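In order of appearance the chains are A, B and C, and numbering begins at 1 in each one.
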């Protein structure tokens, strides 16, 4: 019953438009002229400040409150300018950003170039200790405002500067961003919450702002009762091209997701994002909801990461054998009732640059091939671990699929090799354990995209020393490909390099791809339009009731 | 409850003790034999599950996921496609071991401390009663979560035996004060009764007074409460699993089975039903036995 | 009696100090870092973790943390949670809901449990007795979350008699079903206990005397037997008050009630002692008080008991 859902990045933009007509009458709701949509949610983990919110509950709210320079296109998931009038560059290192005229914060003040520069400087500044600070690390001068201690245990040193040298305000509506090295995909990142502008009132009292944020989005903040609900209301003078279609959105907070589903069926809740396994079992949600649901493949995938190159795991053929021993199709079919997608590579198909079958034969279930690979490794003197341990956090819905993977491996190697599931009670304990290298074997890992690009599923996870490289994977060739691709200004050529990098992973198998998430969002009879983005959340501005 | 019970037996001069009388009484009760038989079956099941099924409870075939009961699989299959009957049979061990051990430890520890508190009074009473209050005031689920996450989490690599021991220790640590209170109030009511004073005057030592004269008075309520404790412990085991801190796979237990299937009662009711029936039957057997023993122990009923 | 009560209340002081220290220590010993698990699947920035640890003094030795915490607590400064929400706000919000829920549960236990137990005890081995016996067993052995889910789906979704979840206002009417669910276990225990005690007292000498005296049966049962049977029942009810307050963890979660149980549970999971310590202390205080009342009741019910 406990599950915190994380979603490092979400743009409140629609993707893959799915037109729905729930009530054919379509008369619309008339309760006093006010239309309020209720959505399931939870208590945000941090104050509502863009640079310091990275989980789904607070992030969903912030995305309705703030519009960013860039928004992700509904159809192609490609970034398009939103608050930005233009983003120009000649060398992929210095970007000139012009802010559109007419945007205002909910308190009436204007959105200027300064609003962005100040917000980003505040977000990056080390002593502010923001969770999303690393988003600014490519900007020149980041090291000066956010120095890293040489010894990870030591206290971080005092920053030498308060502002990044790479940010420069040219005039009221123009500013220049200089990166420390060329990076062609930089504009793509600008749709992430961390890059939101902040009004002057924020800097007077960030703490108070965190309880009552003032943004520039289609909705403005209305109220927040802890552990109960958060409400935002449509902002009348919204300047963007996608204003809110309903008067208000209320997130009702649930500890128990089954309760949210019961409320949806009883008509107490308008939208439930991500139906629970219980609702999906035997596809009861189809009986319960009729056609009132939206399926959407999301930029979220689950892998089993092999820890380091510890003894017993240091042969790629062994890792490939494990991968080939997993019957992904049956697991998805039986445990998830076919609602998720078996992974055949290291990135979901919704990202830009996605390729089919990067994993090749190793992600196809074949007990014979698995045996063969294991045998080859054994013949070369490889010693497998006594038991293949698969570690997972038991506070979310992972137990069943991890157990199914264990069973699949055990039945493939019947007696030759034994796998066991190793539950860790909570995610925070699991995460702390991973950081301390406490576990040996396979780790349940997942990745929710920050921005819809193949690169986001590769470099943060598998580049040497990268922030989320939990298996300490290191391959010079791979690193070189990533570095080259970042500097490549021709987008197609860059994508080809990323794809080559992904194919390299099949040879080394640092992590076993298992499945890609597809979210099923259910909604009540009252709703007349519900669209879901590839980030797995409703496009709030487009909701109609 | 506080009547000066028959002086003959409590003075210790009668040839037959409390336990002999009780046994004579028990032998004559059909309820005792029925419940003892049931318990024997479950204990057999816990000790030798192979006698009841030949199916491997860990064997999983995903293509059989969530099949309703059939002649092949009497109780159906679970989400992993494992045989529910086999898992229910094999689940008896963990559930009964946890329920029974925790109950015995709780009643013995709580009973002793409660009687001592009432008998000695003064600072001993204060220490035991107030100490118990800390544990009792700390509500059960809360206390269990904290204790189990502190100690079980400290060793993520905890094996099944370690986890079981921790669950037993937690249940005992949090429940003994309740038994102690019951014992204390039962003893409190009679400790200044004439027959106890008489025994003291006749030179009986504190041990003798405690066990020969005060224990019989406290025994009946403790036994009744104890038989109910087994029930609450076995179902608490399920609740702790549900909260993610109790027994967990690879341990097979009724509690784990019930907690894993609890969300699916709409689609696959049988997943919850069968372990629950077994659990109820076990509880029934122990409660009936407790009743019979209590009646046998009570001299006034003869 | 007044002095006795005063002495008991004074004894509560070390109990409360002991509780806070115990819980503080346990929360401290919980594995994992409260801030390390906050960045989704990626590792959290080290400076974020350190800044937060420094803010909540988690980088200090346990006793330093504890004394600083207690110094604030004594001045009724509860501080803020790791999510930066004032603890006092959360408690003030949840306490009334929990009290309403506990009172409903207590009422259900007292009424249903005692009535069923008394009737069963008066007519032992009758039809009603068997019915009570069987329902007791089911109530005891079926875990609470299964009962709660049944109530939610059956009464809430299928029949539509109640709302599947409780609204933010958490009115008495809405809390009726969740309260009854929470009460099941204790109701069952109480019914068993009442039945046994009544049956036992019916055979007591004083009942024989009373009947021999020619008192009507209704008076013998209504006054003599019931009064004498109440002691263990009231003990149990008093003891249960504490577990009602947080035994509701599971039920509160399922019915989405914003009570203290869920509050504490969620903060244990977040390794956040700022909420757990004061709420647990509050529980212990309530518990001690309830116990005192129960002990004083003994004297009223049983004149043989004297307070020294």
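Please note the rule applied: a contact is a pair of C-beta atoms (placed from the backbone, for glycine too) under 8 Å apart; a residue touches a chain by one contact, two chains touch by 3 or more.
Just so you know, these numbers come straight off a predicted model, no measurement behind them.
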*Sort the other chains by how far their Cα centres are from that of subunit A and give me the top one.*
B
*Please state whether A-B or B-C has more C-beta contact pairs across its interface.*
B-C
*Separation of subunit A from subunit C, taking each centre as the mean of its C-alpha atoms, in whole Å*: 40
_Geometric centre distance via CA averages, subunit B-subunit A, whole Å_ = 47
_Separation of subunit B from subunit C, taking each centre as the mean of its C-alpha atoms, in whole Å_ = 21
*Two or more partner chains touched - positions in subunit B*: 149, 153, 156, 242-243, 263, 266
*Return the residues of subunit C touching two or more other chains; collapse runs of consecutive numbers into ranges.*
31-32, 149, 153, 265
*Tell me, which residues of subunit A touch at least two other chains?*
1-2, 258, 395, 426, 429, 433
_With touch defined as at the start, can you tell me which subunit A residues reach subunit B in the complex?_
1-2, 258, 276-278, 281-282, 284, 327, 330-331, 333-335, 394-395, 399-400, 403-404, 407-408, 411, 420-426, 429, 433, 438-439
*For subunit B, which residues count as touching subunit C in their complex?*
1-3, 126, 130-131, 133-134, 136-142, 145-147, 149-150, 153-154, 156, 178, 181-182, 185, 188-189, 220-221, 224-225, 228, 231-232, 234-236, 238-239, 242-243, 255, 258-259, 262-263, 265-266, 272, 276, 279-280, 282-284, 287, 294, 298, 300-301
*Flag every residue of subunit C that touches subunit B in the complex, lowest number first.*
11, 14-15, 18-19, 22-23, 26-27, 29-32, 137-138, 140-146, 149-150, 153, 185, 188-189, 192-193, 196, 200-201, 203-205, 228, 231-232, 235, 239, 242-243, 245-247, 249-250, 261, 264-265, 268, 276, 280, 283-288, 291, 298, 302, 304-305
*Within their complex, state which residues of subunit C touch subunit A.*
31-34, 36-48, 50-52, 83-85, 89-90, 93-94, 149, 152-153, 156-157, 160, 163-165, 168, 252-256, 258, 262-263, 265-266, 269-271
_Can you tell me which positions in subunit A touch subunit C when the two form their complex?_
1-2, 6-8, 43-47, 54-55, 126-127, 129-131, 133-134, 146, 148-149, 152, 155-156, 207, 210, 225-229, 252, 254-256, 258-260, 262-263, 265-266, 268, 395, 426-435, 445-448, 460, 467-468, 470
